[in-house]
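Down below is the structure, laid out as structure tokens.
In order of appearance the chains are A, B, C and D, and numbering begins at 1 in each one.
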């Protein structure tokens, strides 16, 4: 029987498949489609200290093998989340990661502090949301700010800290190194790529927010390259995200260097995506004669010359 | 309610005109529980699914019908499918129309909005409610479901914007105005509307004028259709009257009471 | 009758559609498929001072709505190009742009000097090829180096200088501003995004060069966003490239701010792509009631709020 | 030679086994000029076109045939097409086999390589050359075109790697070795081979041993198929013996004289 368990830092996961932030809500709706106790983990929708309305609609534009979104971190706010959503999530029976996005460093720290007292399994510092004007991506494209923020968060919580990075930078490896120096337990890459879609007739962006974040299979080759690049730059675990649609995709990310992965847009196309992907991984391991899924991680052999 | 993914064979394909088709799909589980105003989310040859309102559900036959107008690549693909082809459907999705306590139901449809409201009238007939339908088309040549609507309802009013030989020459909203002016009012009347946002806003205003309760079926660009991605934001007035908030068209909607909708036009 | 002519700087083009470097050879093969005199222009395969063998095969990997290539600037060398290819190209009857890539600044300058004496219409400085280890992308991700190189090239040739930029940077607008400061007549964006494709069974990159450049519709939202962003940052013309497959795509790029466009990967899928796209533009202009194609450029109206 | 894009209807679809089909396409312009060893580049449901060797061309009927083995999503899509479906083809592409001055032609095919070599034997028969065919299959159950090959050639040798009831038990290369050992040599013999690279390299070595001129049909990942993108690099020895250079599989190839090929295995 294939062993799908992996450890990200010290936390064991039943399998490497985690639902990505913003594509799974808080798990309430997805319960109708699959047994959430069987997936590796769920990453909450991105949370801000105060409730956020998010951006006006349209918030989605379809692109070739992908989509742009400009949700803009609509969420009930951190306090309401702790009271109304977290207890429900904890009961789901899988690992729970909480994705937080601050308007400024202090907001991140405030949320970290308050999460320290909960039973969440890890905190994902969203340093990469492209859909809000403040904080987030600004911090995420500056290594010094990343290191400082992660180090400060490290001081206020014992929870594992995952730094979720933006691909909209010249060197993702530099950002990952900064997160590592700051004391991050893992880096999560990638968040969405900045893009725009235009309505020719209206001569307007389709998204009311003008720009949005590109996700889906279109970005997979970029995400995979960034994981492979970062694997050579840091020694903390990498959680790979970007365009994963199948079990084979997951194993490609692991071969490139990921310890676990997050599945995002696939959930929106197929509500059973996470469960199906886990089943596919199991079948492929059988085929490949691999008994422990962790044996894939970082086994990419580069061609030389 | 439990919605899941179904692979449904097309059991009938009726071409209404070059731009519009009615597909009949074998979907027993959906047919069993669907009610008017709900929708399904369908795969096509495009990346995202496409939301389409349920036009009819026949629990006995185990089938549902969808009326589809070609608007782009995805609906073109769907319209070109043939009998026997299989489509992946998620459904039934969303909150539909509320007919509780209604005695008379006036549906006001515009364009493809005429399709999902057909399901309303079918239920009205089954429940013995007084069904009145206003259907707005661009032109006579563009009209559809007229015989079916006539067979179902107590009264129909077909409006043609181009003014060619239909019941009413002009916009569906003007037709409704005309109708309401003549119609003796009865209590427990509901106006249910589906169509272009501008039309629905005018219908809502008119309903308000006449003091009739009104429900509208909003359309918003969607991805998941099941409430997890938050892209389908509709601006809805808060209960506490303190401004508005974004609610999910696919989950809290697509049907809302007209008075809570903050129109975007 | 629709007027498709555009001017990039001082050079008039019969229409805004230019065949992108590396996807059209030197025009010899494409003659069999379309009347090259009718397209706006052709950009030569990237040239180096000395002949280059390029990278070993496989050099292509298919991705969702796109492809990775790692050709590695295989070309007959600048001298052979001048003798054997350029005269042929000049005779084709459309604008000829020569794409050059140096191992170091001096190689760029040497080629610029020698092109000054020819009748090419513009020189495209390839500051963005991801498939060679030297020069190119290194220069292209550093604003100071871009400005210095362009300024130096400006000294040795009177030909219009187009700077072709890489999208693998935090701020493409910064790079474009640097090119403008250096005296570039236009910026061309974007070249390919770095990506990788992995063969799970072999645990090897599919490309023998390990990484490659991602092109095709998958990258269109990113390219379009970069054009829109750069349009607000510079006042020299922008030539838009990335995932264009249709006349509608061209007009989206123009609305975002492009004066002309380059069509790349589409040529590989459909050898009549350029001609077909020109026909589509004409048909859409009819539909839109636009008489001069230049009227689209930069008309994107952003949503505010 | 002039190649353009054609939209060609499938006029016949023969399923050889679950994994392999032969499609007959109406493609008069291609049928007219195609010669053995050339290929077409086909659209599927995938992004890039797929190169497939021409298995047969019938100028009179205006049709060509393609033998396709399912290797992934693109070939799966192609194999599932039905009579009447239309495919976009670019062709004929590349340089095929050179039969000038040949008197005896020995084809050595492995797997799907058996398909394009069938066209060689057809031309041999038409030109009255002595055609001998060695066809290598994994197993009897996996074999195809055997009757057709028999009908065309002077001699056939069907080899099965699994050693089940075929002419020869073992690899096609061993079968060729066996054949050459027994066969009285005649001048102007050519060995033409198509199949896995390893097989072709062995065939080339064997041909060299016997002093027979040999042509090989290389396979390389392609995009355009028409010579503009340079992705299909084959390493070919330079005429001046100074190392090797990359030539385009789609344009200078796919067929090369064996002695100029620098094998990558």
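Just so it is clear, contacts are C-beta pairs under 8 Å (C-beta built on N, C-alpha and C of every residue); 3 or more make two chains touch, one makes a residue touch a chain.
Model, not experiment: these values are computed from the prediction.
K.L.:
Identify the chains adjacent to both subunit A and subunit D in the sense defined at the top.
P.N.:
C
K.L.:
Give me the set of chains touching subunit A intersected with the set touching subunit B.
P.N.:
Under the touch definition, subunit A and subunit B have no mutual neighbours whatsoever.
K.L.:
Hey, how far is the Cα centre of subunit B from the one of subunit D, in Å?
P.N.:
Computed value for the inter-centroid distance: 57 Å.
K.L.:
In angstrom, rounded to a whole number, how far apart do the mean CA points of subunit C and subunit D lie?
P.N.:
Here the centre of subunit D sits 37 Å away from the centre of subunit C.
K.L.:
With centres defined as the mean C-alpha position, give me the subunit B-subunit C separation in Å.
P.N.:
Distance between chain centres: 47 Å.
K.L.:
Roughly how far is subunit A from subunit C, centre to centre by C-alpha average, rounded to an integer in Å?
P.N.:
Once rounded, the distance between the two centres reads 33 Å.
K.L.:
Provide the list of subunit C residues touching at least two other chains, using ranges where the numbers run on.
P.N.:
Residues 56, 61, 63-66, 216.
K.L.:
Touch graph across the chains, line, ring, star, complete or other?
P.N.:
Drawn as a graph, the chains make an open path, so a line.
K.L.:
Output every touching chain pair, sorted by label.
P.N.:
Every pair of chains meeting the touch criterion: A-B, A-C, C-D.
K.L.:
Within their complex, state which residues of subunit A touch subunit C.
P.N.:
Counting only subunit A, the residues touching subunit C are 56, 61, 63-66, 68, 141, 168-170, 193-198, 200-201, 203-205, 207-211, 214, 216-222, 224-225, 228, 243, 248, 251-252, 255-256, 284, 288, 296, 299-303, 305.
K.L.:
Okay, in this complex, where on subunit C does subunit D touch?
P.N.:
Touch residues, subunit C against subunit D: 22-25, 28-30, 32-33, 45, 53-67, 69, 71, 74, 216, 265, 267-272.
K.L.:
Would you tell me which residues of subunit D are touching subunit C in their complex?
P.N.:
Subunit D reaches subunit C through residues 2-5, 43, 46-49, 90, 220-224, 226-235, 245-246, 251, 264.
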